[in-house]
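The same chain A turns up in both complexes below, where it pairs with chain B and then with chain C.
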Partner chain A sequence: MIDWLALPISIPLLGAVLATAFPSRSSPIGLTTALLAAAAALIAGVLVAEVGPLRSDLGGWGAPLGISLQADGLSAALLAMANLVSLGISVYALWYFPAGSRRHFWPLWLLLWTALNGLFLAADLFNLYVTLELLGIAAAALGALTGGRDAVEANLRYLLVGLLGSMTYLLGVALLYTGLGTLDLGLAAQSLTAGPLAWISLALMLGGLLLKAALFPLHFWLPPAHAQAPAPVSAALSALVVKAAFYLVLRLWVELFGPVAGSGAASLLGALGAAGVVWGSWRAFRAERLKLLAAYSTVAQVGYLFLFFPLMAASQLPRQPELLGALVLLALTHGFAKAGLFLSAGLLQKTAGHDRIAELGPALRALPAVALAVGLAGVALIGLPPSGTFVAKWILLAESLRSGQWWWVPVVLLGTLLASGYVYRLLASAFGPGAQPVAGGGPAEAPAPIGRAIQTPALIMTLIAVVLLGLGAEPLWGLMSGSPP
Partner chain B sequence: MGSGAFHVLVAVAYRGVDTAPDPIPHALVLTGIVVAVSATALALALGRRLEERDD
Partner chain C sequence: MIPDNLLPAAIVLSSLVPGLLIFLLGEERHVLRTALNMVGALSKLVFVWLLIRGVYDGRIFETRLALAPGLDLVLDADALSVLFVTLSTLLWLVTTVYAIGYLEHSPHRSRFFGFFSLCVTSTIGLALAGNLLTFVFFYEALTLSTYPLVAHRGTPDAARGARVYLAYTLGGGVLLLTGAVWLQSLAGPVVFTQGGMLSDLAGERDAQLVAIFFLLIAGLGVKAALVPLHGWLPQAMVAPAPVSALLHAVAVVKAGAFGIVRVVYDVYGVVLAESLGLLAALALMASVTILYGSLRALSQDGLKKRLAYSTVSQVSYIALGTAIFGPIATIGGVVHLVHQGVMKITLFFCAGNYAETLGVHRVSEMNGVGRRMPWTTLAFTVGALGMIGVPPVAGFVSKWYLGLGAVEAGSHWALLVLVASSLLNAAYFFPILFRAWFKEPPARWPEEPSPAGRLETSAALLWPPLITALLALAFGLFAAAPASPLEWAELIAQREYGL
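Right, the complex of A and B next:
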C-alpha cells in the first residue's frame, strides 16, 4: 500500500536534493515536484476526510521507538491549505526570480516545503522540533536571498530569534520526557496530569512557539523579516511559516495542555492576542509601504487566532469543535488571502519599482487582475461576507457574548475597523477621489511587462479565501469534529 | 542556551543508578546538535555577508 502520509514529505525532499544536484534544471524539477507534492498532500487530505484520522509508523516501528506520522482533521485542513498555497507560490516564483537566483531558490524552497509537511504530519514532540528547526533555517535563508543589507540583517535576527524559540521548546520537551517517559503526542496526553511539571513544560514549549508564531509582544522580528524578503518568500513566510508555529501551539493546546492548564493561561493568550490585534492593525494602518502593511496585518491576524483560546477553555465539550472549526477557517482564509496579497505586492513592486502605498495608484490601475486580487484579499482581511473570515469572526463574536466574555468584542470591532481603514487606504491610491491621474502615458521608466498568466495565482488564492472558504466551509466542521477535541 | 538544553537532556538519561542510561535522549541530543550546528553556520554566513556590506 502506498503510504500517503510519507509522500508529501518525501517528494519535496527528493526534489530539493535533485534541484541541488542539477542546478541548471532546477526550475522544471521544482515545478514537477511542486505538482506531485501538492497532489499527494491533497490525496492525504481527502483520505482523512473520507475515512477519518490516519496514522502510519515509518519502517514498521511503532511509538515509543519509531517515527510515526499522523493526520487528523486539523492537520489535513492545514496540510491542504499549505500545499495549495505552496503550489501557487511555486508557479509565481518561476516568473519572479531572474534565472541567476532560481537555482538558489528552488532547493531552499523545497526544503521549506518538506519541513512544513513534516510538521503538519509529525506525531511526536521531537520530530516536531526537528521540522520546526528545519523550517526556521530554510525560511531565514530564503528571506535573505536578495542579499541586500536590510534583508540579511532582518533575517539574521529572524534566525536567532527562531533558534531561541526552538531551544526553549526543546527544553520543554526534555522536561516532559523526563516526567512522562514518552515523546509520542497521544501517549503523553494520556499520562499528563496537572502539576508543576505540566505547567513548566507548558510555559517553556508554548513560550518558544509563541516567539515563532509572532504573538504580540514577541512579534518584533516579523515585520522587517517579512517585508524585506522577495515577494514569493514573504508570501510563504506570512501565510505558512507563521501558521506552522501556530498549528503547533494549537496542537499542543488541544491535545496536551488544554485539559491541565487553567483558564488563566488561556486568558493570558487571549489578552496577548487582543493586544496583537489592536497594535498590528494600528501599525498596518499607519504603514507607508505595502509589504510592511501586509506584515503588520499578519501580526493582527495571528492575534485573532489567539482570541479563540480563552473561549475554547470556557466552552463545554459539544461547543468546542465548532470553535475549533472557526479557528481553523480563520487560519486557512488568512493563509490564502495573505499569500495572495504578498504575491500581488510583488507584482505591483515590479511594475512601479517601489511599494510606497501613496504612489501605487498607476500600477494598480495598469494591472486590473492584481487590483481585484488586492481587493479580494482586503475583503478577507477585513472579514466582509462572504469571506471565510466573516464566518469565523461571527462565531467568535457570538461565542464571546454567549460565554459572558464580552470584552473581546470591542477588540474584534476595533481590529476590523482598522483593517477596513488600511485596505481602503491601499485601494484609495488607485480609485479614490485623490488618485493621481496617469500623467502622459504611465510612469517614467517602462515597467517590466507582466503577463496575464502570472497574475492568476494571486487571484485564485484570494478567490479561494473569499468565495470557496466563505460559502463552502461547512465540511470543515465535519473534519474538525472527527479530530480529538 | 542550546548546550544548556542539551545538557538537561543528557542529564535526564541517567535516571536510576543501577539501570543502563536511557538511549533515547542521547539520540535526541545528537540530532539537536546537528541542527544547532547548521543553524549556527547559517547565522555565521549571514553575519559575514553583513560585514562585507558594511565595508
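Right, the complex of A and C next:
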C-alpha cells in the first residue's frame, strides 16, 4: 500500500538531494519533483476529503515512540493550497533565475517544500519543531539568494528572528513534555488541563509562533525580508511560510489550548490582529515600492486571520466549523492571491527595471495579462466579490455582530478601505495614455523578453483566488467539519 | 429548452462569457468581437423573452449556488426584476450597436467591450438577485467593472473622474455591506419578499432597523446620486458617450435606485418602513435631490454635464415614488425606472452624436444644430420633452402617476416639488431646443472630420437614439397596452400593497 502522507514529504526531499548531487540538471529535476510532489499532495488531500482524516505511523512505530503523520481537513486544505502555489512558483522560477543561481535555488527550494509539507502533516509537537526550524533556515537562505547587501542583512535578521521564534516554541514543548510525558498532539490534548503548566507552555509556544507568523507588533522583520527576496521567493515567504506558522498557531489553538486558554488570550490575539490589519494596511497604502506594499499587505492579511480567534472562543460548537471554514478560506485565498501578486511584481520589475509604484504605468500597459493578475489579486486583497475573501469577510463580520463583538467591524471596514486605496494606487496608472498592448501580449518596451507562458502562473493563481475560491468554496466547510473541533 | 433552474444563470452568463472571450481577442479582431457582442446581446434577449413568458405563466425560476453554509447566491425573477432585466437587456443591445460605431477607430477596444459586458453582467445579476447577499455581490462587482470604463480614455481628466467615482462607490459599498451583514445577523438570510420580511423583528429592534435602513440607503444612495452623495456623477462624465448612456440609463445610477426600491418594498416592506418613519426621511432626501439637481443643471454649459445633473434630479423621482405611502405613487416611481432609462439614454446618444460628428460639446455651440442633424435633434427633442413631462412622451405618464399618488396620499408638498422640478426641467431643456431648431448655424462646426454624407452621421450612431426615442414615445402612447411597463408597475404596486 502506498503511504500518501509520506510521499508529499519524501518526494521533495529526494528531489533536493538529487538537485544537489547533479547541479547541472537541477532545473529538470526540480520541475519533475514539483509536479510529482504537487500530485501526491493533491491525492492526499482528495483522500482526506473522500474518506476523512488519515493517520500513518512511519515504520509501524506509533505514538508515543515513532514518527506519526496525520491529515485532517484543515491540514489537507492548506497542504493542497501550498503545493499548488509551490508548483506555480517552480514553473515561474525556471524562467526567473539566471543559470548561475538556479543550482542554488532548487536544492533550497525543494528543502523548503519538504519542510512545508512535513509541517502540515506532522502529528507530534517535536516533529513540528523540526519542520519549523528547517523551514526557517531554508527560507532565510532563499531570501538571501541574490547576495545583495540589503538582502543578506534583511535575511540574517529574518534567520535570527526565526531561530528565536522556534527556540521559544521548543522551550514550551519541553515544558509540556515534562508535564504530560507525551509529544503526540492527540495524547497531549487529552491530558492537558487548565493551570500554570498549560498557560506558560501556551505563552511560550504561541509566542514563538506568533513571531514567525508576523502578528503585529512582531511583524517588524517581515517587510524588509519579503521585499528584498527574489520575486518567486517572496511569493513563497508571504503566501506559504507565514501561513505555515499561522497554521501551527491555529492547530495548537484548536486542539490543545483553545479549551483551556480562556477568552482573555483570544481577545488579545484578536486585538493584535486588529492592530495588524490597520497598521499593515496603512503602511501598504503609504509604500512607494510594489514589493514593500505587498509585504505590508501580508501583515494586514495575517491580522485578519487572528480576528477569528475571539469569535471562535465566544462561539458554541455548531458555529465553530463555520468559522473555521471561513478562516481557512481567507488563508487559502490570500495564499493564492499574494503569490500571484509577488510573481506579477517580479515580471513588472524585470520589465520596468524597478518597482516604484508611481512609475509602473508603462510596464502595466505593456503586459496586460500581468495587469489583470494584479487586478485580480487586488480584488482578493480588498475582499470584493467574487473572491473568496468576500465570503470569508462576510462571515467574519456577521459573526462579530452576532456574538456582540461589534468592535471588530470598523477594523475590517477600515482595512478594506485602505486596501482599496493601495490597490487603486497600484492600478490607476494602468489606464494612462500610451502604447496599446502589442497583440499577443508581447513586450512593448521590455528589456527582458517576457513570454505568455511565464505570465500564466500568476494569472492562474489569482483566478483561483477570485473565481474558484469565491464561487466554489462551499465543500471546504464539509472538509472542516471532519476535523477535530 | 433550458431547465427552469438554469434560466436566470443563462441570462447572466450570456453577457459574461462573451465579455471574457473578448478580453482574449487582439485589437484587430473587429469582426469576431462584434459577432461576440451581438451574439451575447441577442441571446440574452431570447433568454429574457423566455423568462417573461414563464413568469407570465406563473413558473418559478431560481438558480441557487451555495457560497458557504447559509450563504446562497440566488438568482430568481419577480415582477420587479423582470421589468429591470428587460430594460437592461434591450438597452444593452442598442448601446452595443452604438458603442461599436462610436469607438470605431479608438484604441483598447477589446478592453472596453470586455468591461462593458462585465458591467452589464453585474447589472443583470443585481436585477435578478433573490436575496440581499446576491444583490451586494453584484453591486460591488458593478462598481469594479465600471471603473475601467470611466477611466477608459486615460487622460488626466478621466483618471480624476474615475478616482472620484471609485472613492464614492467603494465608500458606499462598505456602508451597504455593513448594513446588509448587520441585517443578516439579526434576521437570518435576507430574502427579497414582496411586502417585506422584517415585520417579526419590529417592536424591540426598531432602533437597529432604523440604523440599518440608513446604512443601506446611504450605500445605495451613492450610486443613485442622492444629494449629498452625488458628487461623483458629474465628474464621471469624462467617460465615452456609450458608457455615460448606459451608466445613467440602466447600469450604475439605476442600480442604486433599483436597490432603494428593493430595500423599501421587499426587505422592510412599505408598511413597516412607513411606521418607522423611514419613508418620510427618504422622501425628504429625494425631494432635496430633485430640486438641487434641476437647479444645478440650469447653469451648466457642458451638454453632458447638464444631462448629468438632470439625471441626479430625475432618478430621485423613483425614490420619491417609493417614499410616498400609496400604490399610485409606487406605480409612478417604478415605471419611471423604465421611462427615465429610455429617455435619458436617448439624450446621451444624441449628445455623443453631436460630439462625434460636429465636435459640439457645449450648449452654447448648439446653434442651428437641428438643421445639420435633424434626425438626431428630433430624437433629442423627444427625450427632452419626455423629461419635462410633456404628453404623450413616457415621462408624462410617470409624472402623472407621481402627482396623482402624492394627492392620494395627502402629500401635497410632493406635488409642489414635482411642479417646481418640471418648471426647472423646462427652463434648462427649452433653451437647448430653441437654439438647436431656430438659431442660425455657425459657418463652421468646431470639429467636423468628414463632410455630411447621405446620412447626417454614421448609421450605427443614428439608429440607436431613434429607436430609443421611439420607445419613449411608445411607452407613453401605449401605456395602457398589455405588458407595457405601466402594466408591470401596476402589478408590482398591487402585490406590494396587497390589493
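Note that in this section the second predicted complex is superposed on the first by the 470 of 485 C-alpha atoms of A that agree within 3 Å, B and C clash if a C-alpha of one lies under 4 Å from a C-alpha of the other, contacts with A are read in each partner's own complex, and residues count from 1 in each chain.
Note that contacts are C-beta pairs under 8 Å (C-beta built on N, C-alpha and C of every residue); 3 or more make two chains touch, one makes a residue touch a chain.
A quick note: this is a predicted structure, and the numbers were derived from the prediction, not measured.
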Chain touching more of chain A, residue-wise (chain B, chain C): C
First (chain B), second (chain C), both or neither touched by A:Thr178: first
Which superposed partner A:Leu170 touches (first chain B, second chain C, both, neither): first
Which of chain B and chain C A:Val467 touches, first, second, both or neither: neither
Partner chain in contact with A:Phe126 - chain B first, chain C second, else both or neither: first
Which of chain B and chain C A:Gly147 touches, first, second, both or neither: first
Contact set on chain C toward chain A in their complex: 23, 26-28, 65-71, 73, 107-108, 111, 133, 136-138, 140-141, 143-144, 148, 151-155, 158-159, 162-163, 166, 170-171, 173-174, 177-178, 181-182, 184-185
Of all residues in chain A, those that touch chain B in their complex: 65, 126, 129-130, 133-134, 136-137, 140-141, 144, 147, 149, 152-153, 155-156, 159-160, 163-164, 167-168, 170-171, 174-175, 177-178, 183
Chain A-touching residues of chain B, taken from the complex the two chains share: 1-2, 4-5, 8-9, 12, 15, 24-25, 28, 31-32, 35-36, 38-39, 42-43, 46-47, 49-50, 53-54
Residues on chain A engaged by chain C in the complex (per definition of touch): 322, 325-326, 329, 368, 372, 379, 384-386, 390-391, 394-395, 397-399, 401-402, 409, 413, 416-417, 420, 424, 428, 431-434, 436-437, 439-440, 470-471, 473-474, 477
